[in-house]
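What follows is a short report on a single structure.
Naming follows writing order (A, B, C and D), and every chain is counted from residue 1.
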Amino acid sequence: MYKQECIAMLLAGGQGTRLGILTRKLAKPAVPFGGKYRIIDFTLSNCSNSGIYTVGVLTQYQPLILNSYIGIGSHWDLDKKRGGVTVLPPYVRHDGGHWYLGTANAVYQNIEFVDQYDPEYVLILSGDHIYKMDYSLMLDYHKEKAADATIAVIEVPWEETHRFGIMNTNLDNAIVEFQEKPREAKNNLASMGVYVFNWQLLRKILIEDEMDKSSDHDFGKNLIPRLLEEGKRIYAYPFRHYWKDVGTIESLWQANMDLLHDQPELDLYEKDWKIYSVNPNQPVQFIAPNAQVKKSLVNEGCQIYGSVENSVLFPGVVVGEGSVIKDSVIMSDTVIGKNVTIERAIIGEECTVEDDCIIGQPGEGQEEITVLGENVVTVKAKNIPGGVEINIENCHEFGCCPNGLTKQEVIS
Amino acid sequence: MMRDVMGIINDTDIEHKLKDLTRVRSTAAVPFGGRYRIIDFVLSNMANAGIKNIGILTQSYNRSLLDHVDSGKEWDLLSKRDGLFILPPIFRYDQFTGNLGDVDHYYNHMDYFTRSRQQYVLISSSNVVYNMDFRDIQQCYEEKQADIVLVYKNAVTEENNNFRVLSLLIDNNGRIRDMAASREKKLSPAVALEIAFMKKSLFMQIIDDCIARGYRDFTKDGLIKNLEKYRIFGCEHQGFAAKIDSIHTYYRHSMGLLNPEVWKELFFRHGSIYTKVKDEPPVKYQASAMVSNSLLANGCHIAGTVENSILGRGVTVHPGAVVRDSIIMQKGQIHRGAVVENAILDKDVVITPGKQIRGEKEYPLVVEKQAVI
Amino acid sequence: MYKQECIAMLLAGGQGTRLGILTRKLAKPAVPFGGKYRIIDFTLSNCSNSGIYTVGVLTQYQPLILNSYIGIGSHWDLDKKRGGVTVLPPYVRHDGGHWYLGTANAVYQNIEFVDQYDPEYVLILSGDHIYKMDYSLMLDYHKEKAADATIAVIEVPWEETHRFGIMNTNLDNAIVEFQEKPREAKNNLASMGVYVFNWQLLRKILIEDEMDKSSDHDFGKNLIPRLLEEGKRIYAYPFRHYWKDVGTIESLWQANMDLLHDQPELDLYEKDWKIYSVNPNQPVQFIAPNAQVKKSLVNEGCQIYGSVENSVLFPGVVVGEGSVIKDSVIMSDTVIGKNVTIERAIIGEECTVEDDCIIGQPGEGQEEITVLGENVVTVKAKNIPGGVEINIENCHEFGCCPNGLTKQEVIS
Amino acid sequence: MMRDVMGIINDTDIEHKLKDLTRVRSTAAVPFGGRYRIIDFVLSNMANAGIKNIGILTQSYNRSLLDHVDSGKEWDLLSKRDGLFILPPIFRYDQFTGNLGDVDHYYNHMDYFTRSRQQYVLISSSNVVYNMDFRDIQQCYEEKQADIVLVYKNAVTEENNNFRVLSLLIDNNGRIRDMAASREKKLSPAVALEIAFMKKSLFMQIIDDCIARGYRDFTKDGLIKNLEKYRIFGCEHQGFAAKIDSIHTYYRHSMGLLNPEVWKELFFRHGSIYTKVKDEPPVKYQASAMVSNSLLANGCHIAGTVENSILGRGVTVHPGAVVRDSIIMQKGQIHRGAVVENAILDKDVVITPGKQIRGEKEYPLVVEKQAVI
């Protein structure tokens, strides 16, 4: 193999349990977002745009879609003869097999993979966040500070500090204390889960941490405190642009809505920092004579006969005449009939919403997002109350199962 | 599937019928339908029928086409044995005599035909927009025990009356008895779509016969003169098919896509139409957007008014701008207060604030690539 | 996904313990063979040449090299928009993770993957064998017999029947009895581990077998007997060409030697049935003025100054002046000095054999193959007795460790 | 790395110096060294130096070259932003005036140069075989604060005396004071290798200046006439470099590879030389094979005698056949009892049993593609 100055290890094994039915058959990084992307597209595109062309993707939970989506990375310009993308599932050695037990353990189990490239630096990334960041600038900062490790941080509202790992820094941005999800935070600088390490140091710490039977083998919980204890130079790298952990249905919905302002904080149209994705083959979208589309993102293959407002439509969505889609996210190839109303909802792939349905009934004081999982079918004139989640396991309760199937058949 | 058939697409025609649109590219590479190029249709039809070996005879000036079809990956034509082959004109400019007919082009690539393993050839020109199941042609060939099958369409409208069309006289059994490339007098409503199917050996023999006699035109010399000698049959294509042979037909057939029936037939009927994909974000509609009866490719940014129009990738329509009955190709920018009506804007055209350009429906205004108005 | 008539599931998880140090860091299907191939190249090329373009590769043991070797299958012309190669490691579901417990269980865990393509037939293959076979002919045979399952069989010498699964057939080739490694075989038709199943039947049997807690979840041991018990139509498909299970050092060596006859049984030069492989970038080989090369396969990047007879040389091997290589296999980038003698040996990748060494001392009655694992370095004038196996774990005993390393450093 | 440099390879030269070898392909696509094409060397040098955007100006007749370089994947040039671009001559044969110099070719692709993001250009002809670290050129450019840097080699031998070479007169500071393309009279032993490095803006300005004055030759009109105006410096390449400009130099430099020092320098010195890989099995030596001092590409099958020769992919030498001091390209077959000496056999040549062909070392015999003797 060839020596590389810096390689990235991308943690993409997360189950994302708080995304409920959306991550039932899908790892969180593979969840669709923003009309044509999957969440992991942002991190992979950041790597490609930052000139980090060697990326190991650590997968474990429901990796089939993720694996075939990533392939050899050609969609992100990461199919290189030297390096490129390598998917790293857990595996069996001659002394047996071990699942990844924590973020640090996952990297520990792939020390040999990293060693192949003999890098100076390793970038640890997560596939769960929506943001645009030039990692090469962070690497420069790490070198400039002569740091042992650098952690990207972002200011979060003080009232949310208890959800994050909080960094207390001195004037030079050196981290003096780390609080994991503190009740009383001394600071509002939260870790973004983006780290640069000197590889030889990280390698040593990973091996030590592995020996420690009491450790959870987690970067934030175990490795960073251990490094601080040892008095290593750890710096905070302040990041001041859009960053979102889409860990819940509400935040996933909100992050989609964030894109719809006339001047959104996260600009998908920037020519020099493209977000790459696997492009489906669909014809251009058709907006019918009486359609209305405003404040929305609409994709190829869509046919809009009704009204779409403040919504995100993935490729191949059909919106029938007289239907009104508002404040919603509609995933690929879903067909919506005539005179349907959908409000504050996330509709999964390949659903069918027949004529005259109302989804997320407005005006009933429902604040929660309504979610339909993939392949759900609502019969004509069905009312789906706001805030419910329907998938193939509970669809029979709502009469929303795919063509004539009973619960038993659907699940098997 | 048609694994035993090789596809040949002839894009060597250099007449100026598409005016400014073919000044910088060949007919095959002219953008169509927002994100396609004209060649995508015949290429996708071939790929969808299972043809794995496709040669494209090009003009010298083929940079746009090369860039577009690349290695053929988008049509799943990457292959160790077969695949997509670009066949440029073979001559050196120091030896060029100024005269090349399509027969010469075919003849110069005889080695490619010989080397290919397939037994049959499907030859097509590069300027027809349609979605057809090409397996029907081979079926027709076998049913009629034909030597050659030509695809035709019964043209009921008055189209093409300014240009030569190849009209056919077909007997009750489907055999073609007469053919003529004429401007006004038609033999029947049957118009050939310039697609021929035959054994590769017969094709090579016809080319060789033409070369031996100094003939240069495959249709006139190779087919029309041989109507007695070979059993030539017609195979009717019943769906939508548009031959793009003038600015007029280009504009009219583009606008035809705004009929959802045509749009669906063309893009979904027998198989998908593939094209080179690009990394463009979704279309962004701002609060002030007013769009109706239009087709928009990804990457567009709409804050103004768009009616009865087709917008290519990455077109920006600023607030207060109006686009009506027009075709705007890739990356066009229509600034605040500008008006575009009955026009065809080639790639990268900028209409500055307040400017108005208007053509007539029967005579759309064409703005050349990269113009700033 | 798109419906496919037949897809292949290729079992590539085998550890190949009897190949000793050669499979220490490598799954058996990834073991180098025949000068430029890996064992799995044969099965993948067979798929490609047979028109089976959808292949799931089941990996579990040391898959890193195999995964990056296979990539998206482009080297075997298997990178298709519809189907293509998918690597299928074990994974974690929302109810937990499970390693593959047997060949049948591995396929069971990927029922969803197969269902995506809704195939009529599934071809079960192993990545462990060297052979050229047109699976489409076997599929035709399966259809013609209206069989429920078809098993490819080959005649083996009677004295070896106890090592195989033996099929007893009637005149029509229907299998009437199956004996797994019988002490007294009634027949000498051995299963090659190549099966065609009707998918709906296999799917049902896999689920039933999974429920059976006493089962080892193995195709040969459990599934075939179960099908026979149920009276299903199982046919033997006789195969009469070269086929070799390279399960031991001896058989791996022998299979390499088999290629060196002037008219070998397994022809690598057949134009219509190419064996594809990942091609390294190396210049053309150089045969020096006083070199001698006979009855051998030699690859690009080799420089031969000495004598090579009845041997297989992988790319980039250097043979110094006065050296004699006989009846041996030398893997990639190994450098052999001057006046070295190597006989009946397999030398791993990137070894260094310094001047005047003797490996596999001839004439001492040694019948066993000598094996050097990768990166072994023999100092000048070293004698390595025939039949030993040297790798980085025992290299210090023979003074053959990479540059100055002690045992401890080598292993860590 | 040279990310801010775009590479331009000029393969538009159509002189007949390589005779039959360039009858069916351009110079860039002539096979060399068993499995390479001549262009592989400059292309690999560029790729190894980190250049990510490379344009190849081709002749009309570029099928072999297109097939060889394909999408640039082998040179790791597949890229979303940059990559490998084929730039065919831009003219239509109905408008062709019969006159094209290299300046015209550059001028016709001005849009490509404009669009590219790089600040510098490295321009090279397609016919030099060498392994050079191109980063040295940029270093020289910076050290000397040059406007233009040309690479040269001090030629001690009598080579090239039949052909024009571009000799240089260089002052003590490395600045080029005179240049002349002459057959006999040389200004000094310094011979230009036809590689130039400069700012893209300067390159475009020189082209524009030439076009404005009707000049066609980049070297003579763009460089020689501007020796006073611009600071043009030389950068010496000290290793092996062979300009392939005649059958004689082709044969001599090919045979030069049999020197292991040259072979190692050319293929390993600064980086690997990449080429299109093919799926060929190892070379098979039968019991009767007698091979010495030769280079063999994979897929060869040797049962006869091979001495001092270079064999391309898939060559078969049957028992009793003898190949000496010759170059046999891809898939040549030398049958039982045949003898080949001092010859260059193009691809797919068959020498039938017992036939003998012999040239002279100073005048090797060239057998054209697919000949059966």
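For the reader, a short list of remarks on this structure follows.
Note that a contact is a pair of C-beta atoms (placed from the backbone, for glycine too) under 8 Å apart; a residue touches a chain by one contact, two chains touch by 3 or more.
Note that the structure is predicted; figures quoted are calculated from it, not measured.
At the far end from chain C, in terms of centres built from Cα atoms, lies B. When the C-beta pairs in contact are tallied for A-B and for B-C, the bigger tally goes to A-B. If you average the Cα atoms of chain C and of chain D, the two centres end up 41 Å apart.
With each centre defined as the average position of its C-alpha atoms, the distance from chain B to chain C rounds to 49 Å. Looking at chain D, residues 80, 279 sit in touch with two or more other chains. Contacts with at least two other chains are made by residues 274, 276 of chain C.
Considering their complex, residues 33-35, 74, 258, 260, 263, 266-268, 272-275, 277-279, 281-289, 291-299, 301, 303, 306, 310-311 of chain B touch chain A. For chain D in complex with chain A, the residues that touch the partner chain are 76, 78-81. Those residues of chain A that touch chain B in the complex are listed here as 34-36, 262, 268-269, 274-277, 279, 281, 283-291, 293-300, 303, 308, 312-313. Per the touch definition, chain C reaches chain B in the complex via residues 74, 77, 79-82, 274, 276.
Of all residues in chain D, those touching chain B in their complex are 14, 59-63, 66-67, 70-71, 80, 85-94, 96, 98, 100, 279.
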